[in-house]
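The same chain A turns up in both complexes below, where it pairs with chain B and then with chain C.
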Partner chain A sequence: MSDFLAEQLSLATKQTGPEWLSELRDAGQRSFSDAQLPTRKTEAWKYTSLYNLSNAGVANAAPAAQGHAPVIPGLNGLRLVVCNGIPDVCSSDPEAMELVVRFTDADAEQQQAILAQLGKTLADKGNLFSDLNTAALTDGYFLNVAKNHILRKPLHIIYCTTPVTESGDEKFTVNTRLLVNLQSGSSATVIEHFSGEGEQNNFTNAVSEICVGDNAELTHYRLQLMSEGAYHISNCHIDLQRDARYSGFHLALGTALTRNDIVVNHNVGGSHCELNGVYVPQNKQLVDFHTNIEHKVANCTTEEVFRGIMNDSSKAVFNGRIHIHPQAQKTLAELSNKNLLLTNKAEINTKPELEIYADDVKCAHGATVAQLEEKATFYLQSRGISKEEAEVMLSFGFINELLDALDDEAIGAWLRPQLAQRFGRDDALTTHIGGDL
Partner chain B sequence: MIEIKDLHATVEDKEILKGLSLNIGPGEVHAIMGPNGAGKSTLGNVLAGREAYEVTGGSATLDGTDLLDLDPEERAHAGLFLAFQYPVEIPGVSNLEFLKASVDAVRKAQGKPDLDSVQFLKLAREKCKAVNLDVSFLKRGVNEGFSGGEKKRNELMQMMLLEPKLCILDETDSGLDIDALQVVAEGVNAMRDENRSFIVVTHYQRLLDYIVPDYVHVLANGRIVKSGGKELALELEEKGYGWLEKEEQESGAE
Partner chain C sequence: MASNIEIERQIAAREYKAGFITNIQSDTLPPGLNEDVVRFISNKKGEPEWLTEWRLKAYREWLEMESPDWAHIKYPDIDYQAVSYYSAPKSMADKPKSLDEVDPELLETYNKLGIPLHEQMALAGVAVDAVFDSVSVATTFREKLKEAGVIFMPISEAVHEYPELIQKYMGTVVPVKDNYFAALNSAVFSDGSFVYIPKGVRCPMELSTYFRINEAKTGQFERTLIVADEGSHVSYLEGCTAPMRDENQLHAAVVELIALDGANIKYSTVQNWYPGDENGKGGIYNFVTKRAVAHTNAKVSWTQVETGSAVTWKYPSCVLKGDNSVGEFYSVALTNNYQQADTGTKMIHMGKNTRSTIISKGISAGKSQNAYRGLVRMNPTAEGARNYTQCDSLLLGDKCGAHTFPYIESKHPSAVVEHEATTSTVSDDQLFLCQQRGIDTEKAVSMIVNGFCKEVFKELPMEFAVEAGKLLEVSLEGSVG
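Let's turn to the complex of A and B:
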C-alpha cells in the first residue's frame, strides 16, 4: 500500500462516528486497505496522475471552522453550509437544517432509512475514493423527500473549506457524504456547491448517492468553484426508478486536480436523464470527468452534453460511457462533447464510449476538439469588435449556450460573470458578456 | 469616397480579382452584377479584410485612408460595412450583447460619446422596428435559428446602428421572398443620403427595381468589363452575361 493510501486509511480509522454506521465504515476500511494507487497504466486514470495529490501531505484532520459561504443572489434557496465537513449553523437556514438530516443526529427511524440506501448505489461501480469516503464515514447529510411532496425551494448545500491559521497553509482532508432519496412522485432541486477561497491545497473527497423514485423529478446542480490549488475528487451516483426524471448540470471551474465520476443507472424503465456539464480549467489545472450511463432496462432516454474550454497549459479529460445492456431495447441515447483549446499548450483527452448490446436502440455520440471558427471571428471583427474581444465573446458563447438552458435563471446570472472573467482577464474585454445588459 | 485601383486578389493561390478598378463618389449607389464565380463576393470580402483573401496588387482607399493596411475591425471603424451573404450563427452570444459591443467599439474609435445601456436599448428597439424584426430577436443568439430573411434584416439593423460611410451589400437579395426584399430595400433606401455610398452586389435585376442604382457594373473574370447606368441592368436581364464575356475575350485577344 502506498504511503498516501496508508496515511488516508490511518486518518479515516482515527475518526470516530456513530455506532450504527460502523459496519459500513469497517467494510469501507477493508475495501480501501486492499486498494492500489492507480497509475498511468490503469485505464480509468490514464490521463490523470495522482502523483501530486499523493505527495501533497493532506492526510490531516480538518480543523473546525466557520467559512465564508458565497451567496447566489436571487436564488431564494435553503442554505445548508458545511464548513470543513461540519455544519455551520450560523450561516445555514434553520429550514434547511430541519429539512436535511445530519447522520449524527438521526433518530432510529432515520437511521434505518439511511442504512437502507447508503452505499447501495455505489455497490458495483465505486472506486477507491468512494471506498475511502465510506472508510471515513462518520457523518453525512440525508435529504429524504416524502412521497408526492414538491420541494418548492431549491436546497443549496455549500461545502466550503477554510484554513484557520493566519498563514492559511495547513493542509487537510475532508470527506463529505450526501444521500438523497426522492420518494415516488416527489420533486426537488438540489444544488451541491463546492467552494473554497484564496490559496488552499486541501483535499475534498465527496460522495453523493441519489435515488430518484418512481415518477419523481430531480434538478441537480453540482458546482465546483474551488481554490486553484485544491484537490477534489468526487463520486456522484444516481439511481433512476420507473419514469424518474433527472436533470443535472455539472460545472468544474478547475483546480490542481478535479476528478468527477458520475454514474447514472436506468434501473426500471421509462426514466429520462439529462446530463450537462461544463469545464473550464486554466493555468496548470486539471479537470477529469468520467461519466457512465447504465441503460439496464428498456425504454429509457439519455441526453448528455459536456463542453470544455481549456486555457493556458491546462488539461482536461472527458470519458463518456454509455452502456446499453442487452435487454435495454428502445433506448434513446445521445452524447455530445465539444471542446475548445485556447492555446497550443492546453490539452484535452476525450473519449466517448458507446457500448451497445441491444439491437433496437437509437444512439449517437460525437466528440470534437476545435479552435475558434475563423468565419465567426471575422464576422465580429467586421462589425468593429477587436479580435481579442471577439475571441472572448465566442469562447464565452460556447459555454453560455448551456448556461442559457439552466432552469434556474439566478444560477446562470451568477455564473456568467465568473465564467466570462476566465476568458478575458482584462475587464475591457468582458464588458459585453456575462452581464444582463 | 472609395477608390479601388487595379486590385488583384487570390484565394488559396487562385487569382480571383485580376485588376479591378472602381471609383465611387459620396452618395452614389453602384450595383455590381456578374455571373457565378466572377469574383463578386470576393470583392466584398477583400474590402472587409477577410484573412483568407490575399491582396496581391493594387490599392483601395476610403476617403484617402489605405483600407488594405487595416485590420477588419479598423475598416469598420473607418466606416466600411459588409452585409454578409451568409451571416454567421453564433449561439450563446446574444444579439444584443453583440450589437452593443459593435456599436461601442465603432463609436469609441470614431470619437463619439458612449451610449449607456438604456440609450442603446432604446436605439436597438427602434432599429428592430425599422427592419420589421420583433424585439425578441435582440435576446436570441446572434442569427441563431433565424430564417434567411431574418438574418438579412439583422444585417440591415446592424448597418443602421453603425451608420457606415460605405455599405457593401453582398447578394442581400439571395434567399429573400418578395416581401422581405421590399423591407430590406426600404431600409437601404431610408439610409441613402449624400454622404453614404453603396455597393450592391447582386445576381438579379429584381433587387435594382427597389434599390435604384446610379451605376451598374459587370464583373466578369475578376475585372469590371462593362459599366453603365441603371438601364444596363435591364439589358443584362435580357441578354445574360455571355455576350460580355465574349466581348471581353475578343478585346483581350486584340
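Let's turn to the complex of A and C:
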C-alpha cells in the first residue's frame, strides 16, 4: 500500500459517522485496505498517471469560513451549497435543504431507504476510489422523488472547495456522496456542480449513485469547473429500470487531473440513455473519461456523444465501452467520440470499445482525431475574419453543438462565455461567438 | 431467426478438408524445452556460433517473461515442456538435392493440399517454399528467381549462404524481447522462408510459403524474413493447414518485413489451421507476431483471411518510419463453434504524411468469440499523417460474440484519425429483399456474407481470392439448393 493510500485509510478510520452507516463503512475500509494504486500497467489507468495525486494532501476537510458558490443566472433552481463537504446553510435555499436528506439528519424511515440503495448501484467491485469513498462514509445527500411526482425546479447542488480549510490546511481531501432515487413515473433535473476558486491543491473524490425507476425520467448535469490545481476523481453509477429515461451531460473544464467513471446499467428493458460529454483541457491538465454502458436486457437504447478539444500541453483520455449481454437482443447503441488537437504538445488517447454477445443488435461507434478543417477556416477568412478568430469560432462551434442541445438553456448560456474564453484568450477574438454573450 | 439456425448448422458441419495425417517416419525430439534443446536445434541446422548464442539469449529472456493475458481469449495454460520443438521427416535428414529425391509421400501430401511442387505442374507464376513440421521440403522456381536476382529459400539455408543479410536484418523488426511468443520463437525457430528482392527489381512471380504441421505433440515455430531493397516490389502468399487431432498444438511464428525506400511488399495469408471439432476439442493455438517496417515512400500491405485455429492471437503491424510511407491491413476473420480470435493490427505513424488504412471484417458463428484489437498511434513527428479504420462485425447466431477494442493515440495536431465500427446481423429486411426477388434464404445469406467480405477479398491475389472465397463458401454451401 502506498503512503498516500495508507494516509487516506487512516484518515477514513479516524472519522466518525452515524452508527447505522458503520457496517458499510467497515466493508469499504476492508476492501480498501488491500488496495494498490493503479500503475500504467493497469489497463483502466494505462494513460493516466496518479503519481501527482499524492501532491494533494489528505488532511481532513473542515468547514471553511466562507465558500464562494457560483450562481447560474436565469436558472430557477433550488440551490444546495456544500462547502468542503459540509452544507453551507446560509447560501442554500431552505426548500432545497428540505428536499434533500442529509445522511446525518436522516430519520429511521429515511435511513432504511438510504441503506436499501447505498452501494447497490456500484456493481463492479474493486474500484479503488469508490471503495475509498465508502471507507470514509460519514455523510452524504439523498434525493428521493416520490412516485409520479414531478420536480418542477432543477436541483442545483454546488460542491465548492476553498483554497484553505478553517484550520489552514491547503491540501485536503473531500469525499462526497450523492444518492438519487427517482420512484416510478417521477421526473427530475439534477445539476451536480463542482466549483472552486483561486489556487487550490485539494482532492475531491465524488460518488453519485442514481436509480431511475420505472418510467421515470432524469436529466442530469455534472459540471466540473474546479480550479486548475485541484484533483477530481468521480464515480457516477446509474441504474435504469423499465422504460426509464436518462439524459446526462458531463463537462470537465477544471483541475490538474480529472478522472470520471460513468457506468449506466440497463436493468429491466425499454430504457433509454443519452450520454453526452465535453472536455476542454488546457495548459497541463489531464482529463480522463471512462464510460461503460451495460446492456443487460433486451430492447434498450443508448446514444453517447463525447467531444473534446485539447490545447497547450494537455492530455485527454476517452474510453467508451458498450457491453451487450447475451440476452440483450434488439439493442440499439451508438457512440461517437470526436477530438480536436490544437497543438503538437497536446495528446489524445481514445478507445471506443464494443463487446457484443447478442446477435440481433445494431451497434456502432466512431472516433475521430483531427485538427480544424482548412477549408472551413478559409471560408471564414474569405469573409474577412482573421485566421485566429476563425479558429476560435470553429473550435467553439465544435463544442457548442452539444451545448445547444441542452434542455436548460440557462446552463448553456452560462457555459458559453466560459468555454469561449478557453479558445480565444484575447477578448477581441470572441466577438463573433454568439451575440448573446 | 429460423434461417440463422440453418446457417449455423451448415457452418458447424463444414468439413475440414486438410485434416488428414501423412504417415511418414519422423525424427522427433522428445518433448521438453531447455538450453540443450535450443542447442540441439541450432546444431541440427549447422548454425554459426552467433546464431546459437542469439537463440540462447532469447531463451533466457523468455524464461523471465510472462505469458500475456490481455487478449479476449481463454485457453488452458500451455505446458511448454509437453511440446516437441523439432520434428522432421526422416527422409529429409540427408538433404535431398532435387525434388526427385524427396520422399514421394511428402510430395503427395502437398498434391492433396492442392500445392503441387513439381514445377511443370505447379501454378505458373507462383514459387512455393513448402515447410513440413520443422523443415523446408522444397522450394520451387529457385533458379528462375535467381536470374532476376531474387533470393527465395528456406531461412535455414540462407543462414549459410547469406549470413550477412540475415545478421543485418533478423530481429530488427521484431526484437527478441518483443513479446512472450516472439521470444520463444527466437529461441527455437526451426524453418521458414527468406526473401530478398534487390534494388529496383519487380519480383517476376508471386512467392509463397505453405506451412504444414503433421507430427503429433509438436509445435511449429517458423520465422519468415522478407527484405525488399530500394524500389523493389514483391507479393508474398502464405497458407497453412494441419491434421485433425484431439490435442491442441502450438504454432508461434514470427514474420518480419523490411520495405526499404520506395519498396512495396504485399503479404497475404490464408490461415486455415485445424480449428478443432464442433465441441471445441483440439485445434491449433496460433500465436503469431508479424510486423513490418516501411521506410521513405515504401508501402506495406497485409491481407489476411483467418478461418482456422482454435485460438488466434495475431496482430500484423506496420511501423511507418519513413516519410510518405503507406501501411494497409485488410482482414476477414471467421470464427465458428468454439473458435476464439483476437486479431487486428497496429499502425505506428512516425514519418511525415504517412498513411494507413485498416479494413477489418469479423464474422462470428456458433459459440465463437471474435475480437478486433487495433492500435493507431500518431507520434509527435507524424505531421500530416492520415488513418482510416473501419471494422465491421457480423453475428450469425445468438451464442457468439463480436468485440472491438480500438486504441487511438494521437500526439500531432495535423494527424487525422478516423475510426468506424458497426456490428449487426443479417437482417430480416435484407433477407426479405432477396427472397422477394426469388433468391432463397441460404443463397441470400451466402451473398450477403460474401458482399460483407468483398472489400477484403478484392485485395487478395487472384489464386488466393479463389481459395478464400471457397473457404467461406464451404461454410455456407449446401444451403444453396
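Note that the second predicted complex is superposed on the first by the 415 of 437 C-alpha atoms of A that agree within 3 Å, B and C clash if a C-alpha of one lies under 4 Å from a C-alpha of the other, contacts with A are read in each partner's own complex, and residues count from 1 in each chain.
One rule holds in what follows: a contact is a pair of C-beta atoms (placed from the backbone, for glycine too) under 8 Å apart; a residue touches a chain by one contact, two chains touch by 3 or more.
Keep in mind it's a predicted model, so treat the numbers as computed, not measured.
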Partner chain in contact with A:401 - chain B first, chain C second, else both or neither: first
Contacts of A:349 with chain B and chain C, given as first, second, both or neither: second
Contacts of A:365 with chain B and chain C, given as first, second, both or neither: second
First, second, both or neither for A:381, with chain B first and chain C second: first
Partner chain(s) touched by A:389 [first = chain B, second = chain C, both, neither]: first
Contacts of A:16 with chain B and chain C, given as first, second, both or neither: neither
Which superposed partner A:165 touches (first chain B, second chain C, both, neither): neither
Footprint overlap on chain A, where chain B in one structure and chain C in the other make contact: none
Interfacial residue positions of chain B with respect to chain A in the complex: 48-52, 71-73, 75-77, 81-82, 84, 87-88, 90-94, 96-98, 100-102, 104-106, 109, 117, 121, 141, 158, 162
Chain A residues touching chain C - in the complex, by the definition given at the top: 43, 47, 326, 329, 339, 341-371
Touching residues (chain side chain A, partner chain B) in the complex: 373-376, 378-387, 389, 393-394, 396-401, 404, 431-433, 435, 437
Residues of chain C touching chain A in the complex: 1, 4, 70, 72, 378, 380, 393, 395-425
